[in-house]
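For reference, the structure is listed below as structure tokens.
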Amino acid sequence: MSIHQTSFVLSVEDLTVSFDGFKAVDGLTFYVEPNECRVMIGPNGAGKTTVLDLICGRTRATSGSVRFKDQELLTMREDQIVLAGVGRKFQTPSVYEDLSVFENLELSYPRGHSVFGSLFFRRDAEVKARIEEIAETIFLADLLDEKAAFLSHGQKQWLEIGMLLIQDPELLMLDEPVAGMSVAERKKTAELLNRIIDHRSVIVIEHDMGFVEDIATRVTVLHQGKTLSEGKMDKVKNDPKVIEVYLGH
Amino acid sequence: MQSDRKTRFLTREEAIYFGLLAAVIFLILPMALDSFRLNLFGKYLSYAFVAIGLVLCWGAGGILSLGQGVFFGLGGYAMAMFLKLEASTPEATAIQSTPGIPDFMDWNQVTALPWWWEPFNSLAFTLVAVVAVPVAFAFIIGVAMFRRRVGGVYFAIITQAIAAILTILIIGQQGFTGGVNGITDLRTLKGWDIRSDEAKEILYFVNAGLLFACLFAAQYVRRSKLGRLLIAMRDQEDRVRFSGYDVASFKVFVFCLGAAFAGIGGAMFTLQVGFMSPTLVGIVPSIEMVIFAAVGGRLSILGAVYGTLLVNWAKTTLSESFPELWLLGLGALFIAVVMFFPNGLAGLWSEQVRPRLRKLFAGRGAGATPPAAPVPANSASAPDRPAAKAAAE
Amino acid sequence: MFAGYSAGELTAIFAMQGFAGLILFSVFVLMALGLAIIFGQMGVINMAHGEFMILGAYVTYLVSNAFATHLPDLFSIYFFVAMVLAFLASGALGMLVEWGLIRHLYRRPLDTLLATWGLSLILQQIYRSVFGAREVGVTIPNWMMGSLPLTDMIEVPINGLFVMVLAVGISVSIYALMFRSRWGQQVRAINQNRVMAGAVGINTERTDRLTFGIGCGIAGVAGSAFTMIGSTGPTSGQLYIVDTFLVVVFGGAGSLLGTIASAFTISQAQSVLEFFLSGSMAKVITLLVVVGILMLRPQGLFALKLRK
Amino acid sequence: MTDFSKPTMPGMSRRAVLAGGAALTASLFAPRGLRAQDFPTAAVNTTGLAVTDSTVTIGILHSVTGTMAISETGSVQAEKLAIEQINAMGGVLGRKIQFIQEDGASDWPTFAEKARKLLVNDKVASVMGCWTSASRKAVLPVFEQHNGMLYYPTFYEGLEQSPNVIYTGQEATQQIIAGLDWVNQTKGAKSFYLLGSDYIWPRTSNKIARKHIENFMEGCEVVGEEYYPLGHTQFNSVINKIKLRKPDVIYAIVVGGSNVAFYKQLKAAGIDPTKESPIVLTISVTEDEIRGIGGENVEGSYACMKYFQSLDNPNNIAFVDAFKKMWGADMVIGDVTQAAYLGPWLWKAAVEKAGSFDIDKVREASPGIELPTAPEGYVKIHENHHLWSKTRVGRARADGQYDVVFETADLVEPDPFPEGYQ
């Protein structure tokens, strides 16, 4: 690779994590450019989710480096990583079921994140306007006062995406955003994702190849914690190694 | 539900509930009870401080502490130390070998007041310490545990062990703490005899006033974004973390707040009962305080007050007439609440009673009736019948 | 403190002190094993553990009385019968409790904690009503109460030996059950993935009940054994509860080996401290150190690092 | 309830005085005692206590539940027996004693609360109650504030003397000193290992014991002093320490469940009290405790008490018979149980001496009250509200009873604030 380091949003170098001797991620290196949509694919157990966990601080790496805009993420706490501009969506929709859609979005609004900041946080016009704007984007404008528990599975996924959007992260990481959705919802979600990945970098884990082709700038194929292949979708699709371990069956 | 989505401090319904509780505590109980019973209820209400703290920590935040007695005790001991020093004037303790120090020190051959007792000669310092000492202690425990993400059952057991340690320490260091007897025979507060009936009545109202101050503080916290964060954390801790919140510091805060409430409760207990002893610190009272909150409804701060009153009143009544039944009753209450009424009295109210009342008055009221929340996270409780009956006695 | 003693005396004392530590270790293992199984494998906090132990102790008391009246010739061996019956009684009660109470609360560990505390209050009151508020004196066969003189100075208490042998025996049986029996396999499977275990045909309900029963049964045996060294009264179970929980938590949930290692660590620390300090301070320091370490290493000594 | 509003009849006060005088001269145990009509209620009860023309109400305040229920049950039983016997003899000033029993639930605030209830709501004429020092300390301010009278049965650490308490048990010096002298003089014991549960009574008692050993017993020394938390069950380490120090006497003040563990482990470790090497001397094991420990484990150890069930005197034989008849043949009676039995009798004697139920008059009448019928023998109330009584040493038998091996020739004077022992 010959691109200047500074132009990357995210540089993952030689990232390794081992669980009692088992290396789930093994010397992984990759770089994400601004506005790139990077899709990670690979068979189950390839370490895709673990990579996201390592980047966002959920799992501690054994060795290596993850740099986000010249900040080393591996030594930071999760919340610090988030505030630095890295957003993460989980595989299963995780929203606050006891709170309303509005409140769910509000909690993600990037202000009043300290203890006392949140204690004296005021729900002013600016906050409301922003929340309503986001709700519009994620098709939930009519459901703002509904408890999140009463949303459909797809709506919960959208809500979680909305909670990320309101943070306005520079790097967005999505773990199987269309899993478990109906065909109609899937289409709507693809549309949504296409819209929101516009001016930011995104890492997506996805199995649905049609969906991947829709959105991917570049694709990384993981196998047993290592990069098996990387590049444009067309190139990866025709890589014989990839066909053997993943696409072939 | 308001379409303008204003964060109101109290909804109209909640204002009614607060008003009802205020009526019970400030009017009905004092009018219906003689001085002795009123003092008893004052004692119960001092436990209610702890229960409110538990609602915030456990019900809202999902942090179950089995060591709240520690903070109750620290607040109570701070107050007791001040009162004891006031009662231990050189004149009053002239028969001791070292006059001017508390009697239990003299019995244990302590010949000078330990340095850490000295500041408790000052009422101002004591009042600060009543809150600050439990909070500082909670802060240390909280930071150590929550930073390391100790939670759930582990947190419960460790706090329980801390209660055990503190009890053994207090009992073992009797020269400085009064040991198993506690700090007893407290008489006056700045010359004002706290043992007289009038004093006890005044203390009851002071206690009730402070309780409402704490209730309002708790209500403010619940209404604030922090309150919603607590609920969010309880259900989806990781999501909160990945929304950019330092989860540990929020838990530390609410744990410290609970400790502060407990400390105030402890101090009021000391003032009203006239002594403090390690039996209020240990494992058993700590767990009993959890059951107060559970009976009232672990999600409702007002419910916690009713729960505390109800359980204690039942304890006093049952143990007066059927001492053998009391433990069985308390045990069964634990099990019943956990198994059948996890949301306690407040849950019964908002899930059973209120919807029926609404139905009863539907048609007359304006507008559609919103569905009752399955979890009364934001609802308060109304007076339960047994407590009202207690008041009527 | 050792000035003026001969080398022989000191050796003898240290040997006996080492032995005292081992006895304490065995006591802790017996207390904690049942709880470790229930907590580690099922995630249930059983606050009534001490009361299950005391049930075993009361069974022992009843059996000793029965032998004394009806089979005085066999009195010297009644203890073995008592232990088996204690296991069965506590185990049966455990299964009943699992059926009536615990199985409704599997998803709410903190609530099981409260419910079992309630259960412990009820059991205490039942013991009080049935056996009286006072402690009962359990007569131990004479051969179990003396000591074995190893040398002139070193004496080994027989009841201590008995507790040790029992602790080893039960640990080995549990190990065998967990890793060699079908039940153990099922328990481990359920522990790892309840839904999957159910899907592949494991009767999770029955296995849970059995697990809880076995855990309580072991508590019963421990209680039976403790009649040799402690008291048997309605509230005696409370004396053990904090120690027991700390041993289990300190060892790391889910690891039986961790429980044993933690019992060893805590018992040795306490035993040594008790020898050099006063008893109360020894206890406080031991507990403080355990809590301190737990704050630094909340997962306990021997928890595995797992992929989330 | 008592009708307190009954108008006072003219001439009442003179009659009352006469009646009081009559009571003074009456023998304490006059059969079918005094007649109520000789003591009009308005005269014998000027402070609104729960006294009617035919009854007087007193309180019983002990723990029926909780950890202390183990110890306090015997006291409740003894007090009820005494009340029944007094009623059978015609009551107090011709009035039957009724009692209100409250449960302290082993919880000191509850004790204070119940004491207040008994005094303020029930207006009881006296209270038989408390066991632990902590419970007494908790109720003491209540009794002093509301001017009640408490009969406290337990041997305790002393350092207290309240006008509102009659201490029917021994204070520490009464229990300790004679026993130490005895073991020194008859057994030649020179070195002592002091051991106790960690709270005020064992600590204060051991302090007195240490002062006595070091200052008043020639050539004697304390070779160790240890305390264990209440409820501690592992004593092997301290037993090893004892073996290392080789004291002549293990002076043990271990209580509750710890007691059971201690004696069982002591015996198992090869220290058999019957061998008297070392001698085990205790002030915390009565016949009650032995039931839990098991006679075979305690056999041979010595206890210092004022009362043993095996005391051979007519009073005691009658008392033991009556107690077993009322509560069952398998009952045992310990030192505190007997002291609790004294409570109602001492109160009755004081009331009849005063000719009034008024607390102040009862208090005034109390010093000097003698009870020749006490199971422990003759006792007398001292000016300081404690009892003159004898100190006895018993040697435990396998059947759970004590053989009395020593008793002081005279009554020992109670001295709650002993000079030279502070």
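All chains are identified by letter, namely A, B, C and D, in their written order; residue positions are counted from 1 within each chain.
Operating definition for what follows: a residue touches a chain if its C-beta (ideal position, glycine included) is under 8 Å from a C-beta of that chain, and two chains touch if they have at least 3 such contacts.
By chain, with names taken from UniProt: A = Urea ABC transporter ATP-binding protein UrtD; B = Urea ABC transporter permease subunit UrtC; C = Urea ABC transporter permease subunit UrtB; D = Urea ABC transporter substrate-binding protein.
Only a predicted model underlies this, so the values are computations on that prediction, with no experimental measurement involved.
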| item | value |
| --- | --- |
| Touch-network distance, chain A to chain D, counted in steps | 2 |
| Chain ID, smallest distance between chain and overall C-alpha centroids | B |
| Remotest chain, chain D as reference, centres from CA atoms | A |
| Between chain C and chain A, distance of the C-alpha-averaged centres to the nearest whole Å | 48 |
| Centre-to-centre distance between chain D and chain B (centres being mean Cα positions), rounded to whole Å | 37 |
| Centre-to-centre distance between chain B and chain A (centres being mean Cα positions), rounded to whole Å | 43 |
| Chain centre separation in whole Å, for chain C relative to chain B (CA means) | 34 |
| Multi-partner residues of chain A (each touching 2 or more other chains) | 58 |
| Numbers and ranges of chain B residues touching at least 2 other chains | 168, 171-172, 324, 327 |
| Shared interface positions of chain C, touching two or more other chains | 125, 128, 280, 283 |
| Chain B contact footprint on chain D (complex, rising order) | 64-65, 102-103, 105, 107-110, 112-113, 116-117, 120-121, 132-134, 137-138, 140-141, 145, 157, 159, 198-200, 203-204, 207, 227, 229-230, 417, 422 |
| Chain D partner contacts - residues on chain B that touch it in the complex | 34-36, 39-40, 43, 95, 97, 103-104, 107-109, 168, 171-172, 174, 179-182, 184-187, 195, 273-275, 277, 279-280, 316, 319-320, 323-324, 326-327 |
| Complex contacts: residues of chain B adjacent to chain C | 58, 64, 66, 141, 144-145, 148-150, 152-154, 156-158, 160-162, 164-165, 168-169, 171-172, 283, 287, 290-291, 294, 324, 327-328, 330-335, 337-339, 342 |
| Residues on chain A engaged by chain B in the complex (per definition of touch) | 56, 58, 77-80, 82-83, 87-88, 90, 94-99, 102-103, 106-108, 110, 112-115, 118-121, 123, 128, 144-145, 147, 149, 160, 163, 167 |
| Partner chain C, residues of chain D touching it in the complex | 64-67, 69-70, 73, 198, 226-229, 231-234, 236-241, 243-244, 256-261, 264-265, 267-270, 288, 290-297, 400 |
